[in-house]
Structures are given as C-alpha cells and as structure tokens.
C-alpha cells in the first residue's frame, strides 16, 4: 500500500501524467520549522541535469496545501503537491500491448486489469519519488542533529563516474550504480525489533525506490566470507564506540551509536535507445521494439537524495516511537 | 514492533529463558488444514544438529492454544507456543557490564534501561525465530501452490560447506554464509507498491532475522555493473516468461510470474570460544573476554527454513491483499 | 491520527483557512467508475443552505489530483482536493486567549503548544468533513448494491424540525438533533471481531465527526431496560430474516443480513450569538464573550450525509477484508 | 481483526473451549512493575458470583509467558494466558443448525463457512474478555496517576439492581443494564483527531465488548435536546476547569482536563431458560428451542471492569502517542 510508518506516517500519491503528485505526512510534531525554501536543495539534487540524466525538465515547485502555518508544522497532516505540466499524454498507449522490457508495464496492467494509468509510467514513474524527497526533508528536521548522507560510490563498476556514463551513452545504452549511505549522530536505542529493526525499516523504504536491487548494512555480503573473530566489533570506549564497524552501527536491530552504514545497488534504467526484443500481446510474437524520447542513462545519479530520504523517514518514525516508550 | 502484516498478521513473542515463546497469527482464512504434525519438518530443519550448529537441544514441541479446531483454522487467531525448558538462568547476569561483541547486549540494555531480559539473549535470541517458522508453515499453506525454497549457497566463500565449517571450528571461530531463495508458481500481480513492493515486504522480514546483513533480488549487486541492454529481461511468451531473469521475478514491485529469486548474507555467529576484546563498563576499560558454553559455528546453516518462512509470510499477506482488491 | 482503514484506507487533511483540504484514498479497487459529477449530490447535501445552516458559501468544487483516469479508479491512491477561498484570516487570533466554550480552541492550543492553526477552527473545522463525504461517495460505489441512508430524526426533541430551528434562531441560540441511519442489502458476514466489529468500525468514524456525542445500534440504550425474551430476535426464514431487529442487523460484531440500524446524537453548535462566559487566560478571569459572524444554528441538519459516509467507509473496508479471507 | 492500538498494542486470542485464551501486549514501556497478583482484583470483579451471574467457575489463573522479568516489563511483548479447563465440549454441536437467538452462532458460522469453533461461543464467548481485563490492568499502570472507574448505574431501568435481577430470574429471563465510566486526572491533550479522537478510541473498544449496544460521552443523547447556551461548558479557572461538563471532558476529540464521562448500554443476555423461537436450518422451519445450562441473568454486572479496561487501553495508547509528538 502507499503508506509507511507508525507515528511519522507518509502517504504517497500521484501518477506521472495526472494532475499532480505529492505526499501526505501525518505525525510531524507541531512546531517544527518548515518553509517552502527548505525543499529546494534536496529537490535540486533529485532533479535531472547531470550527464546521464534526462534533459526533460519539470519545475518541481512544491505547493504546501496544509499542515504548515506561520512557517511551522501545526500538528495536523502536511500535504505537499507538485502539479504536473505535461498531463495525459497518449505516448504510452501501446505499452500494455508491447510492454517495455524491465518496466512495470506488464505487471501493473495485469495487476490492475488494465485500469492503471500507463502514461509516463503512471504511479510507477520515478517522478513519484518527489514525495519521498519532501518527506525526507521534514524527517531530517525531526531527527536533527542526526545527519544522513548518501552519495554515488561507483557506476558500472567504475569510480570514474563520468567515464562510465559517457561510455554507456555512446552505445545508446544505460548503466547501473552503487549508492553508499551514512548516518552520523544517531543515539543508541533506535529500532523496534523483532520486526521493525533499523535494517528492516530502512530496507523496506529503499526497496520501494524504483530500480533498487540490493541493500546491505555494514559488512553486508562480505560478512558471509568472514570469521566471527574478524567480524565482531569490539567496544572500546564508554560511549560505545567500536574498533571496527562491521555491524554498520546496528546490533540486534537497534542503533549502537556508531555510524550507520548501508549500500544499495541500482539497476541500469530500462529505457534505452538501442533496439530490444519485446513480446507483442496482440500479434502473439516476439518483435523488435525501439524506445524513443529522452531518458536517464544512469538513474543511480539521482538516487542519493532519495536514499537519504528513505533512511531519514525510517529513523524519524523510530525516533518518535522510542520517545513513546521512554516513560518506564 | 513485534507485528508484521496487514491481513495475514503475525505477532512474535517470548524470551529465550522465559516461560515460553511463540507466535499469534491473525487473518488465517478459516478452513485451512493445519495439524501439529505439519510443523515437524520445518522445525527440524531449523533445529540444531548439523556440523557447526549448537549441540544443545530443546524439544521444540509446538502447542496450539487457539485458532485450530478439528484440524482446521477456525478464522480466529492461531496461537502456537513453545515452552522453554531451561528458564531464568543467571548465566547472563554480567553481559550488561561486559557486553559480548556483536550481540545485542549493549544496545538492548540501553534501549530498555536495563529492564530487558538478558538471559540467553532474551527477546534477541535466535530461538525467537521458532515463531517465524510456525507462521511460515501456515503461510505456505495459504499460498499453495506457490512454492518457496531456500538453501545454503556457500559458507565462508566456499561451496564445500563442511570444509568451511570444520576449518572455523578448528580455530574456535565461526563463519558466515549465503542463502539463496526461490519462489516458483507465483502468479502475476502480487505486490502493493509504492511502499509494499514484493522486495520491501520480503526484505523487511529477512532483515528482522538475527544475523542477516544483506539482501538482494534477481541480479542484485551485480546490476550495478550491468548495462540496460544486458539487464532488461525480454518477455518471450504469452505467459510472460522472460529470456533472462535479472528482475528476479519482480517488476515495479509486482510479481511478473517468473521465479522470484533472492539471496541473503548471514554474518558469522558472534559467540566464539576464542578470546575477544570487550569493554567493561564497571571498570571503564577494555579487557579480554571469553565466551564459554556451546554455540553455533555457522548459524547460516539454520537460516534457509527461516528465510523461506519470511518469503512465505510476505507473499501470504500480499496474496490476501490482492484478493481484497479484485472486485473492480 | 488522520488515517482510517486497513485495506480501504482514507487519510484526511487540511485546515479551514489553509490552501486546501481534502482526502487521500488508498485501496480503492481498480476499475470502479468515478466521475467528478458523482460527488455533486452528496456534497450538496452537506453544504449549507437550509434554515439553520450557515449562509456563508464555499463552492466546494472537488479537484481530482490522482488515482482516476478515463473515468475509472486506476488502483493507485485517489486524492481529491478542495481549495479554500478565504485563506489565512486573522479573525481567530485571540481564541487561544479567550477560548470559545465548546470548541477545540483550548484543547488544541494546549496539545500542539500553540502551533496549531486556529483560523476558522483549523483542522477542527467542520469543513474537514468534506473529505469524508468524498470518501463516502467512493465507498458507496465499492459496497454497491448495499445502500446506506441517513436522515434527521428530530431536532431539539421535536419531529417538526423547522419549528425547533426557528425557535433557537429567535433566541440567538443553537440546537442539537438526532440522526438515524439504515444500511440495507448488507450480506451476512461483514465485521472482523474481536476488535473490528461492525459497531466498532462505524462508531469509530461517527465519533470522529465534530459534535457527535452518542451512538447506538439497534435497540441501543433501550436494550438496558429490556428482558432477554423481548430483546432476542428470532430468525424466521432460511435467509436469516428476523422477526424483530433489536440487534440492529449485527450479532457478535458481524452483519446478519438484516437492516443495520444506528442512531447518533449531535450537540447544539457551540458558536452562538448570545453572550457567553469564557475564561481569559491573559487577564486570568472569567469574562463575557460574544461570538460574531454567521454560524450554523443546527449542525445536525448537515450530518446525515456525513454519517452515511462514515458507515459506507467502514463497510467498504470490512467488505474488502472479508474478500481477502474468502479463500479457505 | 484482533489487534487494537498503535503503540500500546493488544492482540486478543482464544476460544471458549480451546486450550487457552489470552492476550499479547506489545509496546508496554520497559520498567513498569507488573506482578501476577496485580491481576487478581480486576479478574475477581469480572468473574461470576454475584446474583444474576453464572455460577460456573473457572479458576481464571493468569500465566505470564513472556515480557515480564524480575517483576517488571522487559520491553518485549507481554503474553498472559488462561488455560481452559473444560475443553472441546460437544454441547454446542447443533447451534449452527438451530442458531440461538441473539448469539453469534448464525453470523459466525456463515462468515467462517462453518469452520469456526462454536463450542461455548468459541471466539465469541464473553470469556475472551479476560484478555481485555489483563491488558486493562497493565494500561492502568501506564496511565497512572490517571484513574478509570466504572460501575453499574441501573439494571432493567432500576437503581435497585438486586430487585431487577431477582425479578428477571423469577421469570427465567435476563435483563440489561447501564454502566457509567469516569476518568479522573487525565491531562489536557490526549486524543489524536481527526480519526483517533478520545471518543473514537474508547467507543471502538467498548463496542467490541459482547452485548454493548450504545455508547455516549458527557451529555450524550441528551445533547440532542439541548440548546447551545445550555450545552456549552464555560471555562472558569486557569486550569481549564469548566462550570458544567456536558463535553464529558473532551473537546474536538482531545481531553480537556476535566473528568471524562461515558455511559454504555448492555443488552440482556441472549441465553435464557424460557422457551424461544428459532429457525431450524435442517428442517427449514421455525421451532421452539430451550437453552439449558446455567447462564448470566445480567451480564451488565460483570461489565464495569471490562469497560474500565477499554478506557484505560485507549488512553494508554493515546498517552504514548502524545509523548511521541512532544519534541516539537
């Protein structure tokens, strides 16, 4: 469903080519300072523009409908909407007949019996993540002074990211990448095991971002090849600092005060200019398909700010839940 | 919190050395056939016994308290309890003073202000996963004929698993491993994006299993090094079969009818016989610690059936939610 | 919080004098036919105009932001917004100093530490119920052919409702009333006890409507004076029809196929032109207060369509949950 | 479903004649003192014994399975179980053929396709409320020093309760009653409108109690006959005390610091010794039925402690949620 969280609750809505998309945020404590300008920086990081990102531009102007007055959260739900400028295009009319490989055309058409809005990817468009970024900005304010930062670690296996993107573009192709995230200043004690461990909450949100194929914390997949004597992080100070951080700042699903670290893999965008094979459900045969228009060659470049939002949203909720349990 | 799911809802409870542990399962459709014998096989797979697993044995006898009559689900909550035989030991009295590296001793003591039950790991004991296995058995019945299977792919980087465990044991050490899961027979259309994608739901549960550090679907981390032309799965039949399965059976968070594939990394167990460094919060200094008793050298060996349970529970819930939306 | 429902989930937002108010509806099955015109009739019933209702008029024009394409639900969240025309008035600046008796001025100021938007009642304005009416229209479509109808049964103790309102108006006063609701065509089996009985779900929503002080089902308070021999409804047909309907169509929290009947009491509006006593928190003394402007003399007249919405929303959710459980 | 609450979450389970019934309580803050003895007094109030209550006795011995160690909540789920002594009786085999008037026999059989456990009312037995009482005891500790008290106000329309019960018994009949509840010491600010108003939360729980037909707060149904000038409660002190309390301690769904007052109507028990009409679904005709065995003549006598539990549980959850929002 389109809701996440227990106390800090976010509801995502919108379709790529509908009237607007946005987010409804419940549970933001009253008095948090929020101005429309606060969204500018993170929205800009998400927006296209860099090499390898789609040159199509939307203004991405957030409009606050409710929940903020005199520059502060009122305690009632915050709704922020982005109007779509290019509405109801019919460019996508035939994607249910010839589903684009790697896209949700086929699965969403079947799930919703053809009633879903396929234009521009509909509710499956990456554009939906605008709402996540907005919620992330507010979440970051709630968890302050905890800081969440994410960046691109590599693209196509290379640290030289421009080179990797250029190579892919030259071949009318796209390329994947890896994002690294770090949370500093997190107090000891966030996380609600058994089910709502820090990892469970963050991964739940990360895996809702279109294109994410893998998530790891701390040592991650490398842990599978390690010995316990090597993997165990020895506590070395009275503040709980550890000599190593294979745990990625989390033990038993609960933050341990050290930096929370995570990595995620983003697949190469599915829309490529090169001809591809696709099944035509009208002709009942495989045929060649060409996807026209301009698209991201490397969506991973736009993911860091969304990954930050995911982590911040999860931690904001866990933070508020932890407060609720602090009367014992 | 200790609840997961929207319609098929499970509530995990219990501490390692309390009176009992178990699970409360709400939302199981009435009429599903369930006998106590049905749990035997999966519980045996979880239980210790193989090389590298702890020789301590609990009978693991499930006792059905409610929700099943005449061998069938009644429609009211199913509660299954396992009594603990070794209750209230005080072996663990000092783990809050000298927290064992890699364990939840330190984080849980801080989170719960010292009131948590540390005996045997308390609510953080791997023993809690008994409830997951029970819920998994019931979930598998609900999703039938969908089949979920998981197995150990490698331990310590080796396919020869016995060799890897023996080597670790010889050095009084422990070792991690990788589990692979496959879901076959899944219909097209399960998954509730934006937030409750198939990946989000399964990863949420997998990351609640103690020791899991990484989760990937389909191409996983390898996707980050791939080109779109290589990663896109071409549909080649009218049933939606794809030529490759980099998507791992999921597009846009929705099952596409192909095999759902996932992998997870399990860290080496934290309890090792070798001496380790730990911080003593009474003496305010780092000192050597030895963990006595018998422990798993490779917990990964016991995880496959738990990973199956996680996937089955997520799919059971998504399956029932999908039914609810099918009246349009 | 501002969310209700498990599968058919609604999220209410907005403040009286903010940019807009509305509702986000998740879980509406794809394919349900919905046009903007469908809201006209129920919105008109809610709107002011009759004797005793406020003459201030807002256009109440619903704007669909998402979730509907080509006249049908797409399966993704439906957001409907009403823009507010008179925004950010400062008429209410002093209600936190001299709280209006019977209003939420005092409690909301304290709860939200003064950060809540008091203008026009803010999130506590009756205007917020616009979103409920919209969700009710969609819920009625989902539960079709179940029919929900509510009407004013009495005002100020009189069946002659105009007389009661006129009398109150003549004395610059307001008056309360009773609403009766009936649900016909409801199949046997809706309701999810233990906690989510039909009564629990409907009353939860009814008691969220500003001004509702009491809710009863079937025999209601009269049951307290009845004998079992008189109260028991004998089943008299193979379809489950009963000779009497003291149960109000519900047994054990589950619909029994007979008409579901309920009644609710609505208090007299708190805003009256007559002078009243109020505490001035700046002067620290009780003083006389006069509330100016035009207000409803009898809000009960506008409640029936909102009560219908409440019942329809509860039944839509229970209906979808019941579908989910039907595979046993 | 069988879950209630957002942070303080309770899960009810069990059937009258299954192995056991009980409750799983999540979200109880660690460190709250809880001993098995704490349950004695409230369980005794719920138990049969008074004139008009069933003479059948169960020991009602609570057994703590988890979540409490060294006399204090550990922070993990608390499970309390009551073993049933008379299990799997077959006395109720034919209630699906000839459903007892007023009971859930007919509705539950249809809802669960005959798979539900009808013995002793199964999951619909009043015995299930044992779990509510246990959760109520813990909730009262969480909300301390807030006090919740409920008592029988009248039975069969009489204040002389013994007389009313005796009269009903003499005629082999049963009789209904009214319960009054009062919450004192409640701080200003509990309640989470729009949907989770204090009234919505308490009524949700009260209407899940078998036999409750009506709930009102403050002036309740009488409000419908009142004028605004009469109904409005003037604030008369700097602490928010009001001259009257028609609001029942709640404005805009939020507690205002005055006593919270509510009343509920309980129907006469459906099981009466007098012959009744019932439909026989095998013979397809109405016929006379006699219910044997011993039953409550006035279940209302046992409801006060359950109503207290309902109010305390709702307030405990609202209290913890309010804490979570207090960082603004």
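So that you can tell them apart, the chains are marked A, B, C and D in the order they are listed, and the count of residues begins at 1 in each.
In the analysis below, a residue touches a chain if its C-beta (ideal position, glycine included) is under 8 Å from a C-beta of that chain, and two chains touch if they have at least 3 such contacts.
Keep in mind the model is a prediction, meaning the values are calculated, not measured.
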Chain separated most widely from chain B, comparing mean CA positions: C
A-D or B-D, whichever has more C-beta pairs in contact: B-D
Chain centre separation (chain B, chain D; CA means) in Å: 36
Whole-Å separation of chain centres (CA-atom averages), chain A against chain D: 44
Residues of chain B engaged with two or more neighbouring chains: 1-3, 6, 12, 27, 30-31, 73, 75, 108, 111-113, 115, 123, 321, 328
Sites on chain A touched by chain B in the complex: 1-4, 6, 12, 99, 101-104, 106-108, 110-113, 115, 123-124, 128, 154-157, 168, 171, 173-178, 188-189, 191-197, 199-201, 203-205, 207-208, 210, 212-238, 240, 243, 246-248, 250-256, 265-272, 274, 276-279, 281, 284, 286, 300, 321-322, 328
Residues of chain A touching chain D in the complex: 6-7, 27, 29-32, 73, 75, 142, 320-321, 323-328
Residues of chain A defined as touching chain C within the complex: 1-3, 9, 11-15, 18-22, 24, 26-27, 30-31, 63-67, 69, 72-79, 81, 88, 108, 111-113, 115-117, 119, 122-123
